[in-house]
Structures are given as structure tokens and as C-alpha cells.
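I've put the structures underneath this note.
First chain A sits with chain B, and in the next complex the same chain sits with chain C.
Showing the complex of A and B:
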């Protein structure tokens, strides 16, 4: 059996994607894991090219490689004390077994080989034409663009996606912002006051600047 | 460019990618690494969506629209997740999911 160019490309890309994905989940150094994540995203973009979805390959490169993996690299650099971590936690063997079992079940259900259990046949689903329909024209992307703003199709999910991105951006800035040390001190004082108050009733409680506390908590 | 690539090749590769991501989520000791596993799983889903679009309904735009929304959700999830991790790291100096237990009774 002679492989076509496309099949060879597919196999190469699949190896790149899967090997770098395995390295992502096993490398000790998180910075290297983030770089392997970039390689894996590139491979997935290659799959999109093979699937005649060039627009999505470009989007994959821009969003996943240009934005998300940069976010990951920033997060890794901002947590440098813990940049290397153990390869796995205490349950990694169980996790590997579960993941492998799910993969084997999926491979049996999706692959061409049928599995026969008690006379019932599992797998070997015939997915339409094995070679797929003929390549479509480039107007599909135009149709997608029109569908995203057409109220008969995806306008509402599109707007919801826009709102989701806005909320996520504001929320991420809000959650990750640098707190001023004065606020942090006030919060700590409030927490200490709560602890003391619940443990024993001591006069220390009265010394705390209560108005400041309420202002500090209002700000958050 | 589908010459001779059967659909199930894509399905098997994306199932493998999904399971690798699942292993990463379950087995890593670092929250950032767990989020990387989630991103791998989302990519596997996107490969499946676009492969089914190309092989089954290449004239409809539904598969592409789903894939586009997964891009949006993945970007939002990464931004919020990494923001949370950095905030937790500032307060506890740790990103180990086993040590982030201040909500435990």
C-alpha cells in the first residue's frame, strides 16, 4: 500500500501533535511544557489545513499560539518559585489507567474494526463516504460570517460570545489585580479581629480601626 | 486535500489528544499544567468538529460555527483561569491544587 502525500502529512502531523502533547503533560519544567503546547497547537493548525479549513488554521495560530500560549507563558513566569513541579501527583497511575481505558473504548467505537460482544457488534460505524465529499468552494467561510450576524442563525450566540469575552476580560483583570498593601493589611487586621473575636472575647477587638475596615471591604 | 485520509484517523488522533489532556488534568500537581491539559482537550474537540464538518456536511456552516464558539470559550477560560491562579499564588505562594483548600470545612 502506497501512502499518498496527504496521508504522509497526516501521519507526521499526528506524531508531532501527540508526542508534544505527551511532553506537555509529563515535562517537569513548566516553561518547556508551555513551549511544547505551542508545538502541539501548530500541529492542530496543520490538521485544519488538511481539512480544507484554512481560515481556522489562521485563527488557531492567532488565538491559541498568539494569545493563549502567551498567557500560559506569562502565568508560568509569574509563578517562578514553582516552575518545576513533580511529574505527577499521588493518583497519577489511576489517572493513566482511566485515560488509557477511555482511549481504548473510543478507539474501538470509532475505528474500522468491529468488536463483537455476545453477538452484538460494536464499532465499525460507516461514516458517509470514506474519502469525503468533494472540496467545497471558499464561500463557506463567507456563509459562516454572514451566519454569525444573521438573526436566523447564530447572531444570539455570537453576541453572547462577545459578552462572555468582555466579562472574562474584566473578571480576569479584577481577580488578578495587584492589591495595594494598605488594603491587604486592613484585610489581615479584619481577619485577625474575626479570629480573636471568635476564640475569646478580648478587649483587643476594640482597638481595631473599624471604619477603615469597612472602607477596605467596600472597595473589594 | 482529503486524498485517502479516512475520517476515523482524525477521530482516533483527537481521542488520543483528549485522553492525554485528561491525564494531564488528573495527574499534574500544578494548576497551570492542569489548565494546559484542558486546552489540549478543547483542541481535540475542535479537531473532531472540523473533521465532521469536512466529511459529513461541508456545505453547512454549523460545524464551523461550533468550532468558532469553542475558540471563544477557550480564550475566556484561559484568561479567567490564569487570573485566578496568579491571584491564588500571590496569597498562598503555591499553585498546588492539593494545598488550595481554604474552602474546605
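Showing the complex of A and C:
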């Protein structure tokens, strides 16, 4: 059997994806794990290129590598004792079983083989219509764009996803918000005023700091 | 074929000849195609290396002139051999690795940064039909590949096991990820107006041939061009946004531990990225290879050189911004302005349509291309001026509030002092 170039590339990319994915969970060094994850994502982008879906390859690189992995790496770099960290828990057997189960279910549901359980047919997905018109990359992107904005297709899930991301973003900003020093000073002043009102024997309240810039003080 | 046509298409003619030679040697098929592609990739990488040397020389000379210095003048006439001397110096330097460095990550980082910098050139159209790959998602590809250098810088910063490197890497995340947003948002109007993400199509829309109007997008979208240039400078980490390697604060940031050729690769990555931003600006806003009389590839290089001169000019004159200024400028000024601009361009391009057939089909007012360009130009200017006005007003208010606050504190302190005296 002579392999075509596409098949050779597919095997190489599949090996890269699988090996780096295994290394993500087996390596002890968290930073290396994050980098292997990047390699794995790149391999997936390579699959998209092989499938003639350049748009998805670019989006894969932009979102999974340009955004998600970078946040992972950033979080890992802020972690103490990256290299010497012991495994945090001993649930790997359970995790492996769950992962294998999900893989098998997904392979059955999405795979080409038909599986009949109690008269209902699972799987046997026809991913492309062999008799239909050949889809070029450009028409696929056009269909995708129209599908995401037309209301009888996927506009509602698309908008829901956008709202979810917006809510997450607003929540993150709220959690990480910087409390302004002016507000804190106002709170402190209010607390001090309360103290004075309730108890006149309180010691003199501390001086509020003036900025170091004495020039500014002179001006006003 | 006239002499002019030969000169204009010299790249294509030479390329076709080489491809024909390879095919006749190896026979038509996948093998000869792969060999031709490797040769093309090698030529583009060679172009980048030569451009890198020319750019370092030009930058050192021109920034020296701006700062009233002479610059390199010892190696060869006017110091033109300085890049070669630098290269020889880099080769002969000792290649050091810190004892506590993460060897694999540390040694891979310079390679990764150079590879990602060169990958951009695969889609750049140097002349009609002289383009590595005319992807229909060219713009998206350039942006996606650009995010790879962030990973390389983080690898270098973390792998060196040095606190200054790590600080540089932290700054990188904040800066490069943040400025990607306005960059994308300002490529979007160009993509909407040209109706394609392919760089070749975007250039063709700005040429006079094939029924296009021949108006470069900088005249239609001056605000987008400005923000793209600013965020492009920030993306390449050049002054005034060189916080990731700020020599005076964190020594040299992420590449402080690198020496010899590894340092040279970082240097190459930086300049190749700067050239890529210049060429992308020329392609998106200045009409790429379109231009009269001169051959197309000369036009592209001239336009890119002009943009790079602006980058050098900014580097020679502006001081570095602070981290908080960098973030506020991006998230509170550039991004909101870009979003307003995108929405405005979207609406205006739908209402005032330059193509009469399209106007008849989709509704909207048919106008001449010049009129459409004028409308977009004015709307861009209005957005910029109102954004500047809002910022100026806000700054004035902040100053007034601060003055009032200061007055209150002084009054209170005097009260406290009076109380203390009374007691």
C-alpha cells in the first residue's frame, strides 16, 4: 500500500496530537504541560488544514493558542513551585475511566458505524453529502456566517453564547475591580465622623495624608 | 512583451522559469511541487534576512540623526557594513545557558519566535500573482500567526529562570494580548469595505484596474489606519511600547539571559515583525503593490519603508509609556473608539453604497465611490474628534475634583490642628 502525502501528514499530525496530549497529563512540570497543550492545539489546527477548512484552522490558532493557552501559561507562571509540585490528588483512575467512557460514547454517536440499541439507531452520521455540490472553503465560510445570523438557524445559540461571555467578562471585572483610593478615603472619613458623633472622648482622628507634591498644595 | 512588462513581472518570470526547470528535472508531480515550494519559502526567508540587515542599519542611522548623533560610521563607507560586522560578532560570541534554566524551553524560544515571525510572509502579496499562498482568510491568518510570538516570549521569560525575564513575560501578556483587540477591530472595516479577507483581494480593491475605485483605504478610514498603526507598534513591542524589554527598568526583559545567535534570533524576530506590520499597513491601507510607473514590488517596498520610517521616527522621539498608561490607553480609549468606528462604518457602508447594482439589490443610496470615501472620512474624523473631546473633558473634571478634594483635606487638617491646640 502506498500512502498519499495527505495520509502521511495525517498520521504524523495524529501522532503529534496524541503524544503531546498524553504528555499534558503525565508531565509533572505544569509549564511544560501547558506548552504540550499548545502543541496539541497546533496539531488540531493542522487537521483542519488537511480537511481544507482554513478558516477553522486560523480560528483554532487564534482562540485556543492566542487566548486560552496564553491564559493557562500566565496562570501557571504565577503558581509557586511549578517544577516540584506533587500530584494534587489521586483520582487519576476515575479520571481515566470517565475520559475513556466519554471517548467511546462520542465515537459511537459521531462515528460512521451504526449501532442499534433496542431498535433505536445511534451513530451512522453522514458528515457530507456525496451527491451534493462540492463545498469549497469560501462557500463554507459564507454558509457559516449566514447560519450564525439567520434566525431560523443558529442565531439564538450564537447570541446566547455572546451574552454568556459578556456576563463572564462583567463578573471578572467586578471581582477584580480596583477600589479607588478616593472612595476608601471617603469611607474612612465617614467612619471617623461616626466615631466622633458617638463618643466625644475619642482621640483626635489621624491626619489625612496630603500628596507629597507640595507645589500642588501651594497652588490651591 | 515590452521591456516594461518584463521589469514589472520579473519576479513571476523568474519564478516560473525556476519552477519549469525543477519540473523538467524531477518530472511533474508532488515531489517537484514540494521542491518548488521549499525554494519559494527559502527565497522569502532570505528576503527577510536581507531586509533585517538593511533595517537595523537604517534604524541606527536615522534614529541617530533624529537624536543629533552620527550613528555607525566605522565599518565601510558611511558604516554600511555595520550589520555584517554585528553578524560576525554575534556568531563568535559564547553561547551561554543559565545553570538553572529550563533547557528545552530556553533553547526553543528563539526558534519559535523566528519561525512565527517568518510565517506571516506566506500570505503577503509582493506583486500580482507573486504571493506565497492566496488564502481566502489571509487577514485572519496574519493575526493568528501573530499570537504565536506571545507564546515564544513567555517561553523565553519563564525558561530563563530570571526575575527580570519573568517580569518582561508578564508585561508581554498584558500588552500583546490587549493590543490585539484594537488591531483586529480596525482590520474589520477594511474587510467589510473590500468584502474579502484575502490580502490579494484587498489590494485589488485599491487598484484602478478591474472596475475598482482605486482609493486607498487610508483615505476612507484614516482613524482605523491610525489605530492599526498604534496597536501594530504595541504588538511588535517597539518604543514607545517597549515595556517588555525596557532596558532601564528590567534590564532587557525576556531576553536578558540570551547571548550570541539566540539573541540575534530574538532581534531578527523583532525586526521581521516590525517589517510585517509595516507591510500589512501598506497592504491594508496604502494599496499594497498598486501604483503608477514603478514596478509593483518596488511600490510595496517603498510604502512599507515609508511606514517603517514613521516607526523609527516615533522610536527616536517618544519616551516609554507607563504600564498603567498603556492599559488605560488601550482599554479606555482605543477599544471603545474602535467599536464605535466599526459600527459607524458598518451602518454607513450599508446606507451609502458605491456599487449601483448592489444598491439596487439591497437598498441603500447609490453614491459615487469618491462620495462614499468622503462620507467615511468625515465620520472617522468625527469619531476621533469626539473621543478626544470626551477625554479632554474628563481630564479637566478629574483635575477639578482633585483640587476640591485637596481643599477639603486641608480644611480638615486645619480643624484637627485647631482641636489639638484647644486640648
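Rule of thumb we're sticking to: the second predicted complex is superposed on the first by the 117 of 220 C-alpha atoms of A that agree within 3 Å, B and C clash if a C-alpha of one lies under 4 Å from a C-alpha of the other, contacts with A are read in each partner's own complex, and residues count from 1 in each chain.
Here is the rule we go by: a contact is a pair of C-beta atoms (placed from the backbone, for glycine too) under 8 Å apart; a residue touches a chain by one contact, two chains touch by 3 or more.
No experiment lies behind these values; they were computed from the predicted model shown.
When both complexes are overlaid on chain A, the residue A:5 reaches chain B and chain C alike.
Applying the stated contact rule after C-alpha superposition, one finds that A:140 touches chain B and leaves chain C untouched.
When the two complexes are overlaid on their common chain A, residue A:148 makes contact with chain B while staying clear of chain C.
When the two structures are aligned on the shared chain, A:96 is found in touch with chain B, with no touch to chain C.
In the overlay built on the shared chain, the residue A:65 is in contact with chain C alone; chain B does not reach it. In the superposition on chain A, no contact is made by A:108 with either chain B or chain C. In the superposition on chain A, contact is made by A:77 with chain C only, not with chain B. Judged by the number of chain A residues each one touches, B leads among chain B and chain C. Of the two partner chains placed around the shared chain by superposition, chain B is the only one that A:48 touches, whereas chain C remains out of contact.
By the touch criterion stated above, A:32 is placed in contact with chain C alone, chain B being left untouched. When both complexes are aligned on chain A by C-alpha atoms, chain A residues 5, 59, 67, 74, 141 touch chain B in the first and chain C in the second. Only residues 5, 29, 31-32, 35, 38, 54-55, 58-59, 61-62, 65-67, 69-70, 73-74, 77, 137-138, 141, 182, 189, 204-205, 207-208, 210-211, 216-217, 220 of chain A touch chain C when the two sit together in their complex. Of all residues in chain C, only 30, 102, 104-105, 135-137, 140-141, 143-148, 150-151, 154-155, 157-158, 166, 169-170, 173, 177, 180, 403, 405-407, 409-410, 412-413, 416, 419-420, 423 touch chain A in the complex they form. Taken in their complex, chain A has these residues touching chain B: 3-7, 10, 14, 17-18, 21-22, 24-25, 30, 33-34, 37, 40-41, 44, 47-53, 56, 59-60, 63-64, 67-68, 71-72, 74-76, 78-79, 81-82, 85-86, 88-89, 91-92, 94-96, 98-100, 102-103, 106-107, 110-112, 127-133, 135-136, 140-141, 143-144, 147-148, 153-154, 157, 161, 164-165, 167-169, 171-173, 175-176, 178. Of all residues in chain B, those touching chain A in their complex are 1-13, 15-24, 26-30, 32-33, 35-37, 39-40, 43, 46-47, 50-51, 53-56, 58-59, 61, 64-65, 67-69, 71-80, 82-87, 89-90, 93-96, 98.
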